[in-house]
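Following are the structures in question.
Presented sequentially are two complexes of chain A, the first with chain B as partner and the second with chain C.
Our next item is the complex of A and B:
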């Protein structure tokens, strides 16, 4: 059943990484991203890899689950690796027929592949695996709040994100129902050519959109009836507070990363 | 004493593009006292939901004044306080939940009102505990049942510390058990918290719980009074397309049949109705003894169910498990066996979660069992080979079928099925017209967009879409869900009409009344198993068996049974109020009965 699809790949838990403030996690993953791109040399890169491994262990999410997040980008990873490997000219390392692989090419390809992997692993670790989507939305609202003064609709954006998250399962369920109903009327979504399939989709998408609009309308009225009038003067059930743990962890990670950079530039 | 809600001479009209404004509420005046439970009863489109929105300041009257707790709803500065005071539960459980977890949804109102954080926490916990959802606080709301979702809506309102609860057809998408639970919660709120309740509904049973009822029709209040007073006006209430309690209706029909008369409120309560019937019979018999004239009773024949007809569907030992091997694994069907005979109307009844929906999806190949056989019209339903043929010959109409309309015109939508069957236009058109005629759609409606139709018309168009495929077997899953009594009766009439046309009909419902009235045989499901299966009269006479499945006797049957002590000749296995009245008259009209009573 579509109903059981969970959004994102949140892995419930109570590890240190789970308990960090989501705002801290967003900022840390940006910081980590920068570090990943600054690191060039093999030794610092190895150290950064080890740091990432420590983070993975800290999250208490099974390795298999973490590495699974690489699957969607596996193709890009291999593609970029091969392109870099074959196109970058330099000192010849190996020649097979018309194909020449250079020392620089191999180096760049490996470095890039490692960077991409570290990037994906660290962001999924911080943001998707240990933080629920709704907390990410909340944290983004908080972080963007200062921009409200220049007219940026931070609250509205976060509200839209959280309502979208709320309705994904409902709409998935509805899609399944509509498909079943149209199947009973002879619609066929599996066989037939591209055009037939596209036509079949129309019979699902139109009712789905109609119902989504109706839901939106009713939800708006229901929200108004519950005194919703935008972000002004609104309080929250869950107040985000940085704890000493957030500060200590952030400082440690920053110190570690700086040390790695130091190794590289000294 | 000043009323909590004071509506005086209110008019309201909706602006419509290209058309004259639609007058939804006309000259309505009513007062609702603090702590009272008031029902507003009316058909779809009677203006009752608009009235709710006027109270809640979601709309402002075009004429007249609405005052809530001393505050005029037309004044901008009062709006938020009025909405806090009067919480509103809407019809569709899904479309009023904002939060991604149960607890966050409850917090939504208090957050909007700017409660300090510790107060929100307390309000959320208390409200969830009150409605019985404390354990589900962290759940995502889509995993709740419909009934739980509506309780969640109440919790969200309670957290705002309201004084009044407005229910806008809040139970119309719930099954009878959840509806009962929900209304019990509402009753508790009235009694424990002195909550004012305004229940806008078309359910007669709910109205009986209220202290006072207003009946609306065409935007006006046509009558009002205590539930007993209102339902005593049987013909008026019936004319507005609404239900009256079965015992009241039966008693009034008996009075008509016997040419007797009833005192006001004599048929209002169950016990008084019984006494009234005995009195009416006594009088008729006495009159007959004096004059020799007996009231003539009309004869009604019930169509004889086809006993020896061939089997069109055979289900043997069918089991089905959802999401096997995961944490969500549920055994939806457990060794189900039954058969469907050609030309009969089979009722399938059971609670939500009893496996009804899962079962019917096996009958046209949408689901395949993990074990067991399904044979449909001689074809094997568990393989791929015959699926297309099976789906052409077995029509399946899901709940709320109007949600599946999509074509540009109603005609094209009805033609979708026949087209997919590969028929040419010359054959499709007569089928579409015939199907449209059965459900009572006019020719000019066929050329309109399905999305312009009213709710009831949309449902008819969707039903026509399945009928146009001219299935030999038609499965209807809760075809009357969400409709008002008149709409429900109309749809159920189609089912009976199709059965007379020779179509085998399978009707799925949680309403004992609907199934009892129409079905030749009944299959009772309970927790994925066959709990009872047999002729309608046989199944519905096993009161204890039914109670085990959480079902009770149909109301008419229960009332008849309670009369059988006084009327030994009465056969109480009967489900329609009219027929029940006839049986009472037939069983009670004889001198012997009269003699017995007078001794």
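Our next item is the complex of A and C:
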């Protein structure tokens, strides 16, 4: 049960997409998302699909990995496709028994499905697959830094993000340990009804939450012992800098997307 | 130990617990359930309003930033999932539960079982309100197929009522002792 959890299927590599500044990647993935929503017509959509394909090739991540990111939403994808296909009324295209498929229905269904697929692929490509979680947290801190003027705790938030991600494997291990310990005392997690199962889970949750407090205390003492006092004046081992490559790539992508939009509106 | 460093650490670790709780899928009956709501209740009951808001809000942010911490992945596109509304609902609910719990029991020496239960019920109502409201808006306005309110409640609330209600009861029953046991971390 616990083994199946994988957080951030980062695929190690040195491709162009991997080397891009993480801040640029976050901004580009938002920009790309907006473009995906603006594109309506079939030809621009095809061009956008090709652009996404180029990005996929540039990342040098195996196709299998990229397409694997669609698996969790496969059900919703098919469900939305069928619902759109069957419920939208319009010019009749095909009638089988009581089911009528309209031209507009097919169009909307295909458009929605492609859009959703492009959306998931592009965001996992920019963020999940080619950027480590810690870099994402650092980049978010940088991007939110301007908000510090109005009192937003950007540094604290990024620090908490890194700690949370760092502790996920630890907490999982701990959960497993507690479950085994409770099993040896006679707890049963696999049989019994809903109530029995939920009660069994509570016997896991309580020690887990109590130990979370202990861990937080230890961590806070350790941080204080190392003179942690927030982000003010803190220096970094790796300083993020926009390189010419980042600027060229961002401009190229922006130009490409604008061209696609021009094709649509002209 | 300075207060704010501990606060930072405890919120971060509770965010980690939210990630773990959301990923643990327990197969039971027709609908598998996760521990997400249980973690949300406990976060509120143990941390108080502001810290609970930080811990659960951070979870939401991490997911939206592109890390696959939600049940079906993550990333900004997750906003389009019909079930997305429950996540901000959970954030608000944890904050509300925390605020109410700290008001009902400011000295952390024993929340009454009945008030803990009532607080959890209020939190659960917030979760469902956000979740089904979002589902309704997404179905009717964004994707355009009209779905009745009854149908929305049938797919978005009824199936989860049993497990969520059970978790509300169970977490409320352990909250008084846990609040007392963790008293020293907050009220020195």
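Definition applied: the second predicted complex is superposed on the first by the 260 of 266 C-alpha atoms of A that agree within 3 Å, B and C clash if a C-alpha of one lies under 4 Å from a C-alpha of the other, contacts with A are read in each partner's own complex, and residues count from 1 in each chain.
Keep this in mind: a residue touches a chain if its C-beta (ideal position, glycine included) is under 8 Å from a C-beta of that chain, and two chains touch if they have at least 3 such contacts.
None of these values were measured; they are calculated from a predicted model.
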For A:117, is the partner it touches chain B (first), chain C (second), both, or none of the two (neither)?
neither
| task | Have a look at where A:195 lands relative to chain B and chain C in the superposition and call it first, second, both or neither. | result | second
*asked:* Applying the document's definition of touch, where does A:223 land relative to chain B and chain C: first, second, both, or neither?
replied: both
With the two structures laid over each other on chain A, which partner does A:184 touch: chain B (first), chain C (second), both, or neither? first
Practice item. State whether A:261 touches chain B only (first), chain C only (second), both chains, or neither. Key: neither
Review point. Does chain B (first) or chain C (second) touch A:140, or do both, or does neither?
Key: second
Query raised in the report: Touching A:210 in the superposition: chain B (first), chain C (second), both, neither?
Result: both
Touching A:72 in the superposition: chain B (first), chain C (second), both, neither?
second
Open item on the list: If we overlay the two complexes on their shared chain A, which of chain B and chain C does A:106 touch? Say first, second, both or neither.
Closed with: neither
In this superposition, the partner of chain A with more touched residues, chain B or chain C, is C
The intersection of the chain A residues contacting chain B with those contacting chain C is 1, 133, 163, 165, 170, 202, 206, 210, 215, 219, 221, 223-224, 228
Given the complex, residues on chain B that touch chain A span 56, 58, 80, 83-84, 87-88, 90, 92, 94-101, 103-104, 107-117, 120-121, 124, 140-142, 156-157, 160, 322-323, 326, 328, 361, 364, 366, 388, 391-392, 395-398, 401, 403-406, 416-417, 419-421, 451, 465-466, 469
In their shared complex, chain C is touched by residues of chain A numbered 1-2, 5-9, 26, 29-30, 33, 69, 72-73, 76, 80, 83-84, 87-88, 112, 116, 119-120, 123-124, 126-128, 131, 133, 136, 140, 156-157, 159-161, 163-165, 167-168, 170-172, 175, 194-195, 197-199, 201-202, 205-206, 208-210, 212-213, 215-217, 219-221, 223-224, 228
Chain A contacts chain B in the complex at 1, 3-4, 132-134, 162-163, 165-166, 169-170, 173-174, 177-178, 180-188, 202-203, 206-207, 210-211, 214-215, 218-219, 221-229, 233-239
Given the complex, residues on chain C that touch chain A span 1-2, 5-6, 8-17, 19-20, 23-26, 28-29, 35, 38-39, 42, 46, 54, 58-59, 61-62, 65-69, 71-77, 80-82, 143-145, 162-163, 166-167, 170-171, 174, 178, 181-182, 185
